[in-house]
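Once you scroll down, you'll see the structures, which are given as structure tokens.
You will see two complexes here that share chain A, one where it goes with chain B and one where it goes with chain C.
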Partner chain A sequence: MSRTLPLVTLTFREIASQRVYRILLGVLLLVPWLMLIPASLFMFDIGKVLIDLLFTALHASLLIFLFFMAAPLIARDIEQGSCHIFLTLPMRRGRYLSARFVGLIVALMPLFAAYALSASLTLTFAESHWAAFYVAPHSVPLFDYGAALILMPYLALTAVLFLIAAAATGLPETMVFLFSVWLLCWSLPPVLGALLQAEVAAKTPTWIGTLLQTVNQLLPDLSSSRISLYLAHGKKLGIEAVAGYCLQHLAYALLAMMLAVILFKRRDLT
Partner chain B sequence: MLKVVELGKRYAEHWAVRDVHLEIAAGEAVGLLGANGAGKSTLIKSMLGLVHATTGSAELNGPYAYLPEQPQLPPSLSALSLLRFKCRANHIPPDQASAALAEVRLSDADIVRPLRQYSKGMRQRASLAFTLCGDPGLMLLDEPMSGLDALGRAQMLDVFKRRKERGTAILMSSHIVSDMVQLCDRVLIMAHGRICESVTIVDHSLAEAKALESRLADWTEQQP
Partner chain C sequence: MRLAAVAGQIAVACLLLAIVAWGRSVSHFPSLVGASETLHWSPNQQLLDRAWAGAVPGIAADVAVLNIFNIYARARSQHGSNAPWRDQLYFELRSAQAMDPYFRDVYRLTEGLLAYEAQRWKEAVDILASSGPWLNSADPLLAASFIAHQYMHDDKLAIRLAYQAIKKPNASQLTIGFATALIRKRSGCKMALLFLETRLRTLPEQYRQGILLRMQRLRQSKACIEEERRQVPPLPE
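Moving on, here comes the complex of A and B:
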């Protein structure tokens, strides 16, 4: 444990000292205010559109962090041998991966906090200035709640990144597989969800229905689309739904990290 | 400090390292001399567990440090912050970070700059400082003079000699015979994954270096 915390801190510093991190931080403070421009064009229900846009921008920011900051760090570590200096401290491979993972999540937090703060201010501004164009109530805590829930799939995706990097030969391979996983787990679950709705399922042959059901159960849903949709429309989420959602993503993350450690332990670090 | 028994590493049908037996005592410097592809780096990585040995085992006693052949240091960090990390991780007094950086002749202004701004030689010095920090009892150095100019090589040899006199065991791989002869008590010639010959260095002379070069060429040209 004694070496884990210093590596968590080092990982945070390694990410935070990059210029791109500081630029992203600045951009995240600015983006919510820019979202007021397209939102103001939809005069029927500005609040809903604004929250939709803010959630979309949050997804984009988290993906930028994952693909352009987290993936290069861990892929370079393993491919180019930066991990050798940490592993020969000495440090167990599992602890090394865990420390890097936690360090990356810690590095993500200031970005998320900056965005949430700026978005909350933007929402407050919009609500006070354009109250006449609001249909559904859109409170700031509702947005923050949704944003925090949107973080969950990215926690799982970061763990998937570690799983891929533990076996991949380098950054290009890591990026290709990570992108594929993201695309698959992002785009397919909402489609499957639509296909499994009662009225569609009634017209689907039984074996196809069973197949769709099986794929739907096995495939992680990393889109968080339902959460975003519910919150953007001001609907309430039951505590069971939220707990299930969080547990599901934490389970994905845990499973992916466990597999990553197993693969990484077996790997020759040439 | 180091005991290696029957160590071997096989990739598919090819033995990169085979049947290596080796012991290094405190204060002893041993050189691993071999042409490119002889198996020097694989042997060191197998000892450290970075590469999983197919046969045999390696026992490293006490604190050790490793200098990789082409060290890739985190580019956005400074040398000082990297060494301070090692101090925190290994419970080493923090002043040893500055001491190690001074030992490799990196200036106070340089040690706070990001490593991406370093020249190749400076990066090598920073890596050496990371290895030296904490006064390890055993140092495994893979091509430690890589990227250093003649003056830098001489300075680093002095550093290694001082550490050796203080009781540090050193295993150094290289294909530069002159460096090895100056530092080492014995040199192990590696070819085709095997240690072919152990040569004791007597007077650290140029003649000994030339004789070693000749022996290396003989072993390398032989069929595996």
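Moving on, here comes the complex of A and C:
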């Protein structure tokens, strides 16, 4: 523990000291206010559109963090041998990976908090100006709740990044595999959801559904599409479903980290 | 010597900027609006839409609604009953509804544009009628019922939709009155005008033309004039 905490702090400092981190922080404070412009183009469900836009921007910022800050840090650490500095302390490889993981999540939190705060203020402003166009009153707690739930798949995806980086030869390989996993996780669950509808299933060959279902079984269900749709319309989410959703992603993150540690322990770092 | 080098760099930069400006001015590629004639909605279009929208299906519906505004703006500049915008409009409305069936704008635009502007009565009724499981509002179902009765002359369908509408928690007196009138087969011109007036109030000004035109035509129709004449009491002798 005495060696883990300094590495967590170091990881946070490494990320936070980058100029891009500060730029992203500034952008995240500004973006929610800019979203008022496209939202104002709509007729009735302005509140719903604004929340859609805010959720989309949240996904985009989390992806930017994952692909352009987290992935280079861990991939280069292993590729360039910077991890040796910590491993020769001595520090267990498993502890090293865990500390890096926690450090990245800690570094993500100020960005997330800044965005959630700015988005909440924007929603409060919009709600007071376009009250008649809000289907769901009190959109701020709904948005904050949704944003926290959207964060869950990204915790799992960060763990997948560690799993990939533990076995990959370098940054390009890590990026390619991470992007592929993200793309599949992004698009497959909603497509499978659509296939459950009778009229879609009737017009789609069975083998396509079977193939997609098989691929989906190998990947985590990282989609939060229904959550964002329900909350944007002020609909309640079942407690059991939310608990299942959160536990699923946390369990997947732990599983991926366990596998990453196993792979990293066996890896020849010389 | 150094001044000449700087001047040379500025000259090259100016030349490049001129090339960029020229390139921008001539690179106008023809719009793909015409290609929309080939767009036909099919349920498995959802697969593609959902794949790209991923975790944010709501935004895909929002984009489709923005496309509808563009299509309508372009359509107003084009004339002719066979303009391809009608197909594209239906396609975008279906897309938006498939991605976010709770989105009220989709149903208002279906009624305002697909029905009254494009006169695609059947398609409009299909979309409005399918709002049932998703919305707690009687509005789209009432509109579907009205269109089925008034323009498709399918009273059986209209009554079925009106029944669905009155079951909704926000069913108004108009909904109930309309349904009653339909069942009694007494819906006439006055009621149609009243209904259109109500719908008119819920639409922003720039999208009212279609309904206003319908109301004007209805007022000038023979049946409407006769109905009005019947309601005027004879002068006392």
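Everything that follows uses one rule, which is that the second predicted complex is superposed on the first by the 245 of 270 C-alpha atoms of A that agree within 3 Å, B and C clash if a C-alpha of one lies under 4 Å from a C-alpha of the other, contacts with A are read in each partner's own complex, and residues count from 1 in each chain.
Criterion: contacts are C-beta pairs under 8 Å (C-beta built on N, C-alpha and C of every residue); 3 or more make two chains touch, one makes a residue touch a chain.
Since we're looking at a predicted model, the values are computed, not measured.
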Which superposed partner A:193 touches (first chain B, second chain C, both, neither): second
Touching partner for A:13 - first (chain B), second (chain C), both, neither: first
Chain A residues touched by each partner, larger count belonging to chain B or chain C: C
Touching partner for A:44 - first (chain B), second (chain C), both, neither: second
Partner chain in contact with A:150 - chain B first, chain C second, else both or neither: second
Which of chain B and chain C A:224 touches, first, second, both or neither: second
Partner chain in contact with A:59 - chain B first, chain C second, else both or neither: second
Contacts on chain A seen with chain B and repeated with chain C across the two complexes: none
Contacting residues of chain B [partner chain A, same complex]: 42, 45, 48-52, 64-66, 68, 70-74, 76-77, 81-82, 85-86, 88-91, 114, 127, 130
For the chain A and chain B complex, residues of the former touching the latter: 2-3, 6-7, 9-10, 13-15, 17-18, 76, 80-82, 84-85, 87-91, 266, 268-270
Chain C to chain A touching residues, read off their complex: 42-44, 46-47, 50-59, 61-62, 65-66, 69, 98, 100, 102-105, 108-109, 204
Chain C-touching residues of chain A, taken from the complex the two chains share: 38, 41-45, 48-49, 51-53, 55-56, 59, 135, 150, 153, 186-188, 190-191, 193-195, 197, 199-200, 202-204, 222-225, 228-229, 232-233, 235
